[in-house]
Structure formats: C-alpha cells, structure tokens
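Pasting the structures in now, so scroll down.
One chain, subunit A, links the two complexes that follow: it is found with subunit B in the first and with subunit C in the second.
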Partner chain A sequence: MATILVIEDDEQFCQMLAQMLRQAGHQVETAANGVLGLERFRASAPELVITDILMPEKDGIDTILEIKREGTDTRLIAISGGRRAITPQFNLDSAALIGVQQVLAKPFSRQQILEAVEAALS
Partner chain B sequence: MRETAPVFHEPPGDIYARLLRDYWRQGGEEPLIQAADLGKALVYAGRPPEEIGEFQQQALLALARELPAVTMDEAAARLTPPLIEVLIAYGLAFREQMKQRYESLIEQRLQQTHQMEALGTLAAGIAHDFNTILGVILGYTEMTLDEIPPGSAAQENLQQVVAATLRARNLVARILAFGRREEVNKVPVRLADSLTECLAMLRVTLPPSISLRICIDEPEALVLADPGELQQLIMDLTINAVHAITGCGLITYSLNIVTFNAHRLPPELSPGEHVRFRIRDTGCGIPRQIIDRIFEPFFTTKAVGQGSGLGLSVVYGIVKRLGGVINVYSEPGQGAEFEILCPRHIETRP
Partner chain C sequence: MDPQRLITSLLAHTHEGIVITDAGAMIVEVNRAFSELTGYSRTEAIGRNPRFLQAGHHSPEFYAHLWGALLEQGYWRGELLNRHKDGRMIADRVTISAVPDDNGVTAYYVGLFSDITHSSESRRQLQQMAYHDALTGLPNRLLLLDRLQSAIARADRENIMLAVCYLDLDGFKPVNDLLGHAAGDQLLIMVAERLRHCTRESDTVARLGGDEFVVLLSSLNQAEECEPTIHRLLSVLAAPYRVHEQSFDVTASIGVTLYPLDGCDADTLVRHADQAMYLAKQAGRNRYVLFDADQDRQLRARRQQLSRIEAGLTAHEFRLYFQPKVDLYRGVVIGAEALVRWQHPEQGLLPPSEFLPLIEGHLLMVKLDHWVFTEALEQMDRWQAQGLSLAISINVSAATLQQANFPDWLAEQLAEHPHIPPQSIELEILETTALDDLQRALQAIEQCIQLGVGFALDDFGTGYSSLTYFRRLPVRTLKIDQSFVRDMLIDTEDMTIVEVVVNLAQTFQRAVIAEGMETALHGAALLRLGCHCAQGYGIARPMPPEALPDWVKTFTRHPLWSAGAAIEGLPLLNVEAEHRTWVRQVDDFLHGACPQAPFVSDEQTCRFGRWYIQQGLLRYGHLAAFQTLEPLHHQFHELARELMEPQARMDVDAALARLPELYTTCDLLIEQLYRLQRELLTP
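== the complex of A and B ==
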C-alpha cells in the first residue's frame, strides 16, 4: 500500500477520493490547490500524487512541472473534468505530454482509479 | 431605414394614366415627380417591372381615344419623360431594397453566431463542474454499495444511481463537443463515403417503416473535415428526421456541387465550388415560430426524456468547423429539409 497526496480544489470530490483510496488501504493526505499541494509534497514526500488540472492559485500542470523539477521518483496521476470549451481529454493530453504516468477524465469509477493507482505505482 | 409597403387607394395603372394626362396637358415638373414616386411605390408594393409596360400601353390607348386627333405613336413620343422617371425610380428603389435585405440577412446570421458561441462557452463552463459533481455521486454510491447486502432492493436502487450517473456523463461529453473550439483533426474526406458507411449502420437500427433514399451526383467530392464529426453530423440529422416522422416516412439524402460567384453568394461563404448536402424528411415539419431557435443548445420540442435538445446544436457546431453554413426549410405538415453548404476541397498534387 502506498502514501498518496490528493490535490483537488473541489472539497467534496477531494474527500470522496481520499475516502475511496483509504478504504483500498492507502495512506492519504489532501490539499486544496497547487500551492498547498507542493507544501505537503515537500513535507511528506508521498509515493504518488493525484492532482486535478484546473485549480485556483496554482494549476495542475504547473504543480506537476514543479514536482518533476524536484527530481524525486514520485509517481503522478492527472485528473480533469474539462473547463470553458476545453474537453477533459485536452487537459489530460497536456499532462501526459509532461510525463505523468496515468490520466483519468472525471467522473471515473472506483475500479478505474484503483487500476490507475496500481499502474502508476508498478 | 426600410420603407413600409404603401397601400394603393386606386389601381396604380389609373394613377399612371392620370399623371400622363396631366403631363400631356400641362407638361412641367410636377407629373415627373409623381412618376418617380410611383416607380418607388411599385417596388415597395412588390409589383413586378413588367407592370410598368402594361400601364404605359393602357394609358397611351386611353389618351389616343380621348383625343382623336392624336395617334398612339405621337402620344408615345411626347410621353417618354414620365416613363423614364418611373423606370429609373423603380430601378434605384429595387437595388436599394435588395441591399437592405442582404444586409439584414447578414446581420441576422451574425447575431445568431454570437449567441451560439456564448451559449457554447457557457455550456462548457458548466460541464466541468458537472463532471466533478458526477464524480462525487459516483464515488460515494460505489462505496455505499459495499456496505449493502448483495441482491437487496437497496443495492438495485444504487445500481440505478450508477447507471444514471454514466448517462449524465455522456450528456456532458456532448455539451463539451458543442462548446469545443480546439483543433479538430481535419483531413480530406469523401462525403459520399461517410454517408454510405453511416447509412449502412443506421439502416439496421431504424424501424422498417422508415425508408432511406440516397441521391449522390458527385461521389468523388471532398471536404476538409474530422471523419468522426461528419459521422456525428449525419447521425444527428437522421435521428432528428426519424423523430419528426410518425408512422411511415422517407428520408432523402442528396449530395451535389454548387458554384457561387460573387453576385450570387450566401453571406459567410467565399466564391467557388461548394458541396451541397441535403437531408429531407416527410415528417411533421417545423413550425415557423420556432425555426430560428432549433439550433440553440437545449432547445427541443421532444417530450422530456426523448431528446436532450443537443443534436442540432452539435450539428451547427460541426458545420461551423467545416467552414460552411446550414439552412433549414420547412412548412408545417410538409416535412423539413436541412441544407449544408461547405467549401469543396481540391487536392493539390505536390
């Protein structure tokens, strides 16, 4: 089982995802945007970061780039619901380009996220 | 400013005969000014130019009868100035009227485009939040399912919640497809091939009471399009036609080439060859009062649950990305025809 940081600005979604991952046996921390997420990331060095793409303060793409710059072997999953004439797929393609291991469009099923976690960690 | 159509209190031919008589007797400017006014009034009353010739003949005959000393030829020779005034005024007013009609048509189209873009952006903004909210519903429902004994009624109910959430997800994907403006993958496509493939698939699923007919004049014609989007366009227009038909009906697809020159050009298109794709149904038709609104997202005449109201707005978006225009012609009870005009793609060899 892994240590996971969930960075997501929608509080309800964030809590749901954390609960789902904890039930699957993972240790989960949460953060509401990229700035807070990076602070938590540096403090606790999780094995996996799951981040939303469009967030206030610092968006997911910037957050992923900064995590990459830290040079750790942290694994990454990007999630997105799309926004303002942009499909979820567009955001996720951008994330894949900068080297995240897995991408998922919201809404996703439990099976999808658990499989993505497993694939990202393997 | 548009002039309102005048009402003639007496037949225009009689007015013309009177002013010719006045001119014959007194000459002067006044009958000529009246002749110009008459020419203009004829345009705004929608009278065809041939009528002017008839007025002239009748008025000259009447004058020749009234004044037996005058021959018709002599009358005609002395009465050309009023005739010229009428004809010039008619010509100018006619041209002005055409210009106004054309400008108001462009204005109307532009307004429609802006409105659709605004609605698309709004819809896409909402779609993101919806996806996240659906994620919360799906996640908690799945976790709750774990707590419930298998085979219980509660488990079945929650499975329905999951199914409904997945339906909502598909709907959101369609909203995003309408609002999307990122580059689609455009390649040269034979519209005739897309049509044949798509209809082969549709024939299997449509009720046997609905017949499909295809008339392809130009099987080789290419358009620059995303093949998936073309398929979606044909599907959505077909579904729309099927829903308009109760009982037996016919859907006709036709494909040909039209060439527009600068003088005969619909607004927003450039001169040159265009592929014209038409789909006509024998269904209930579209009432005049709603025909301007049918491409708006979520506008539907179907009962709740029978259609999302997105099909035609998705079609509108696809046609825009083709660089084309879509027109609709319908009379209630007489079916409807959707006409798509988009630039023909010509392959240039390297």
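== the complex of A and C ==
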C-alpha cells in the first residue's frame, strides 16, 4: 500500500477518487490545484502523485515538471477529462511527453485507476 | 517774487487738480494735486489724452456736448465721473478752459478738478453705478455676488434651496450687426424688462455684460420648483422683439445650478451655471441645462490625473519593460515588445491599465508614445553595445498615428539611430485604430513602411474588421488577442477564433503571433493549430531592460513544444475536433435531436483529406503509422455517408445500431494520428 497525493480542481471528483484509493488501502492526501499540490508534495513526499492537467493557478504540466525537478523517484499519473475545447488525448499526450508513468482519460472505472496505480508503482 | 516762480509754486501747492493739454488734447503738464486725485503720476499722465480717465459712465453724446461748449464758448463746467488708477470711481467737479495764443487760436486747454466723491448726491450716484448696469439699471455682477452670498447664508439657515440661472441670448449678434449698437442696446433693455416681469420681487435679475444675464431664484423648497420659472423665462424671452420697425427672434440658452446640491461659493456657482449654459448652447440653444456636480467633479479629477501624468513624464517616472516573443517551433527568441510602466513615487510600479485609459485620445498620449519610441530606440542602442540585437515592437496609439507629421517624426528618430535597422522595428496598432479612419491610417502606414519599419495589428479578433478592410492593410503580423488565447484550452469558441485567425493569416500570407500564452500547454496547443510564435507569462513576464540579455541567453525550449512541431502542416487538434463534431452531429440527427441532416465533407475535401494527399504523402508516406491512416479515414467517411443515406433513414434502428461503429472508427483514426506523432517524436 502506498502514500498517494491527488491534485484535482474538481472537488467532487477529487473526493470520489480519494475514496476509491483509500478503500483499496492507500493513504491519500488531496490538493485543489498545482500550487497547493506542490506544497503538500514537499511536506509529505508521497510515493505517487495523481494529477489533473487543466487546473487554475498552476496546471498539471508545470506541476509534473516541478515535481520531477525535485529529483525524488515519485511516480506520476496524469488524468484528464473531455467536455473542453481540447480532448483528454492532447493533454495526456503532453503529460506522457514529459515523462509520467501512466495516463488515464476521465471518466475511468475503479478497476482502471487501481490498475494504473499498480502499474505506476511497479 | 518772480511771476514765473509764483505760477510754478501755485501749481504745486493748490488743492485743485490741474491738467494742461495742448490744442490736440495731449497732456503737457499736471500738478501734484492731480496725481493725488487720480493716482497717476506726472510722467504717467504727460503725453496722453485725458480720456484715459473716463470711467465709461458718460455717453458719447455727453462728451460731444462738452467739446461743443469748449469750442464755441471757450470753457465747460460740470461733473465728470472718472476712474482712479486703483479702479474705484471718483466724482470730480471740473472746469475746462481754452487758452488762446496771441493770434486768438487755442493753444492750450486747462482743466481744474476738485474731488466731490464724498458729497452725498455723488455718493448715491456712485453707488448706483458701482452696483448697477448703466444700460438696463439691473444689478451688476458685484451686486449679484453680494446678494448670492446672502442668499447662500439664508439657504443654509432656513434649509431651503436656490437656483442660479445663467442666460445668454441666442441670435443677439445679428441684431447688433444689422442695426447697430443702439438697436442692440434697445433690445437688451427689452430683455431686462421681460426678465424683471417674470420673476418675483425676492429674485434677483442681473446683467453681467454683453448679452449675458443671471437670474437668481432664492427660497425654493425643492429642486423641481425652479422648472416652471425657467420654462417661463425661455418662452417669454423667445417672443419676437420689435426694434427699429423690424421684428427679431431672439431666444436664450440657460445654464442652471442649484445650491446646496452644488455646494460651492458664490463665484463658483456662477461659473458652474455658465458652464451649464455653454452645454445648453451646444445642445441646440433655446433650452436649459442643469449643471451636473458629479460630472464636474469627475472632469476635474480627470484633469488633475492628466496633469499628474504629464508631471510624471517630465520627472522621468516612466519606465520601459520588455516581454520576449518566441518562435515555439524553432525554439528561438524572435524579439520583444516594449511595454510602458509608471514608477509612481507613492503608488509603486503601475501597469498601463492604470494610466493609458485616462489619456486615450489626448495629446498626452502622443507625448507618451513619442517618449516610448525614443526610449526604446535608445535601449536598442544600449543592447547592441552589449552584443544583443533584438527586434522590438512598439505600441502606437491612434492619436499618434493620425498626427500629420508622424512619418516625418519617425524618419528623424530613425536617422538619429543609424545603427538600428528599421526592419527590426515593428509598430503595433490596434485593429480599431486602422479602421477608424482607414484612408488616413493607410497613408501613414504606407509612409512608415517606406522607411523600413513593419506593422502589426494588435488585439486582433476584437475589432470586427471586415475582410475587405483587412486585405487592404499592409500589416505584416497579426497578434491574436490574449483573451482568446488565455481560454482556448477550456472554451471551444475561443479555440475556434484562434484557429480562424491563424488560418486567416496563412491565407493572406501574414505572420501570426499569439498573446497571452499563459502555460506551456497553451504553447503546445498553439503549435498544433499552426501558430508558431507566441508571447505571454508561459514564456516570460515583462521584465526591466537590464534583465533581458540574461534571459535570452538562458532561454530553452519547453519539452512540450517540440511535440507541436511533429506533424508539419497538419493542425492535429483541428482534425480531431472536426471529426468528433461530425460524429456528434450524426448521433444527434439519428436520435432526432437535430431535424436537419448534417453536412459531412467527403474524405477528399475534409481538412485531413486535403493534407493527406498533398503534404502528408510527400513527407510521411514512408512511415508505417501513416500508411494505416488512409483506410481508417476512408472507412470513417464511408460509414458516415451510409448512416445518412435516405434508405438508412427509413430504417433508423439499423442506423442507430451501427452508430457505435462510427465512434470506434473515429477514435481509431485519432489514436493513429497521435501514434504517428509519437513515432515522429521518438528519435
């Protein structure tokens, strides 16, 4: 079981995701945007970060790059949803390009996220 | 005693003022008493005509009579109202005698003056004169102000209001011009009469001079109470006037201010009423306008701000900041935009939004533009000395561009900086600036282009320019407004606008740059729409000039931007959006949500189809990922066509059953496109 930080600006979605992860036995913290997420990251050094891409203040791309700059071997999963001007694919491709272990388009099932977590941590 | 000395001594010591003129009425001598009486020294008086003492009270006929008596009888005696050097009125009893020479011809005139200012009759007369208008007998400005002061005090005490109405006649001048001043005076007297008749005893009607009158309405309980009186004034004054057997139409424009709503002193109240009168004139005459105290306060505040800005300019409080512009595709710095800031001594560094709106359209804007331009050139010189050559874009306002001599001014500035290639300067003008007065703007722009500088249309997309206009403007760059760029990732319409502007620029062969690129992700999206150049916080914030050389040295391309460069000539995002929109439209149609069958282009004419058979095959035809695209794309359009066919529509259920197939094909196509991109990215 791992320590996980979820960075996501959609509060409802964030809580649901945290719930799923906790039920699977993980220890989960949450943050509403990249700025707050980095603060939490530096404070508690989680093993895995799951971050949304489009967020106010600081987006997922910048957040991922800053986390990587810290030099820890933290694992990363990028998640992104549709209903925007651009598709999740564009966001997730961008995230993959800067080196996250897993990407997942919203909406996803419990099984999909748990598999992604397992794959990212292995 | 020597008679000559006796006379001299007499002149000096007598208490009566003595003035001696030559036959042409030029003063040749005055005594000390004259100087004491009038305030004018001997040297000030000698050489002048005594008429400089006139107070303007006596009519021309009065003086004609005086001269008639002098010429015929050799003397005149009477009372004259003169003006002391300090401005006050003095009453003199005067005897003037003609002094003949040996041949009996008048050689001198001698005037003897004695002061009777303090005798009771003349005091009454003087008072009447000091406080009343000689022509109409109405109170003059002095008495008006006096009464206004008392009225203000009373209004404060009794909690009532008063109205100051400033009247100026419309169409008075033609009467004067056609029939002479006497007729004009007669008309003014008639106006005064009418004003007196339609006001109450407690009100004051005053004449300030010329055709300007003031009516002071005191003791109003409410602001609205003055309205009937003002309407009456307007209609009474507008009735025709008969002067010299002719009928004249004269009306009045009235400005009104109300105390204590306009809580100023007497002088200011009159001035405010005057300002409102001016507005009544502008609004078309024969009407009244109420002074707006709030508006006036705003106006005054604006004037104050303007003078503060001007002082700041003089005191060198303005600074230039520079924001880099980058070619994301090539990963190089292509220039910087000069942006003005105000280093305010109390308020700190102020952005343009704090002061530019205040001076828009004002001459001060031109001054500031000029400063920005010369400062930018000097900064370019300084950078060049450090080995940094950068293209700089400079904002030019409409006011500056429309100055007739702007191109000449520009040429002079460029001549003073021979080491700066004019090609490295780009002038940014707002889309609206160019459109306001296209012909004039065109001329100025063309003249400047002759000098070698280029033009960019700033805030493009916000100015509603028509394509016809746009085509005629010789600008080399379009700057996509930051409002569209900022929200393009979340707002479909903004994304579309960015795309349209990029396509427009490509069609008309102009360069295009996006402003407001806030994150690296925006940059990646811009690249995929075909926009290679950008500026914004996602690259760098505006910085002071000394920071720029280091920034340029350490600038590196963001890893995301290389992704955008992967598939050349193909706006991947657009292709994706286009095909997904079609799927949604077909879905809506089959489900009855949309009555009209959507138009789905065929595989030859859709955006991707055109790219595929042109650039695509040529550049990527050898790649495996590319080769799988064509059948997928063909399948997509084939399927969409089938689902929309009339016979399919007869059997909606069968069509609906095949809908998921369309979704899957679309997903596969897009996925394959992204795969191609990834293949190109991995070395």
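Definition applied: the second predicted complex is superposed on the first by the 119 of 122 C-alpha atoms of A that agree within 3 Å, B and C clash if a C-alpha of one lies under 4 Å from a C-alpha of the other, contacts with A are read in each partner's own complex, and residues count from 1 in each chain.
FYI, contacts are C-beta pairs under 8 Å (C-beta built on N, C-alpha and C of every residue); 3 or more make two chains touch, one makes a residue touch a chain.
Small disclaimer: the values here were computed from a predicted structure and weren't measured.
> First (subunit B), second (subunit C), both or neither: which does A:54 touch?
Both subunit B and subunit C are touched by A:54.
> After the superposition on A, what does A:105 contact: first (subunit B), second (subunit C), both or neither?
Touch status of A:105: first partner only.
> Taking the superposition on A as described, I'd like to know which of subunit B and subunit C A:119 touches: first, second, both or neither.
After superposing on A, A:119 lies clear of both subunit B and subunit C.
> Have a look at where A:43 lands relative to subunit B and subunit C in the superposition and call it first, second, both or neither.
The answer is neither, since A:43 touches no partner chain.
> Going by the contact rule set out at the top, does A:23 touch subunit B (first), subunit C (second), both, or neither?
Touch status of A:23: first partner only.
> Is A:13 contacted by the first partner subunit B, the second partner subunit C, both or neither?
The answer is first: A:13 touches subunit B but not subunit C.
> Applying the document's definition of touch, where does A:94 land relative to subunit B and subunit C: first, second, both, or neither?
After superposing on A, A:94 lies in contact with subunit C but is clear of subunit B.
> Using the superposition described at the top, determine whether subunit B or subunit C touches more residues of subunit A.
Larger number of subunit A residues touched: B.
> Pick out the shared contact residues on subunit A: the ones touching subunit B in one complex and subunit C in the other.
54, 84-87, 90
> List the residues on subunit A that touch subunit B in their complex, please.
Going by the criterion above, the answer is residues 10, 12-13, 16-17, 19-20, 23, 54, 81-88, 90, 105-110.
> Which positions of subunit B touch subunit A when the two form their complex?
On the subunit B side, the touching residues are 120-121, 124-125, 127-140, 142-143, 146, 165, 169, 173, 176-177, 179-182.
> Can you check the complex and tell me which residues of subunit A touch subunit C?
Spelled out, the residues of subunit A in touch with subunit C are 53-54, 59, 61-62, 84-87, 89-91, 93-94, 97-98.
> Please name which positions on subunit C make contact with subunit A in the complex.
Going by the criterion above, the answer is residues 488-492, 494-495, 519-521, 524-525, 528, 559-560, 563, 573, 576-577, 580, 670-671, 674, 677-678, 681.
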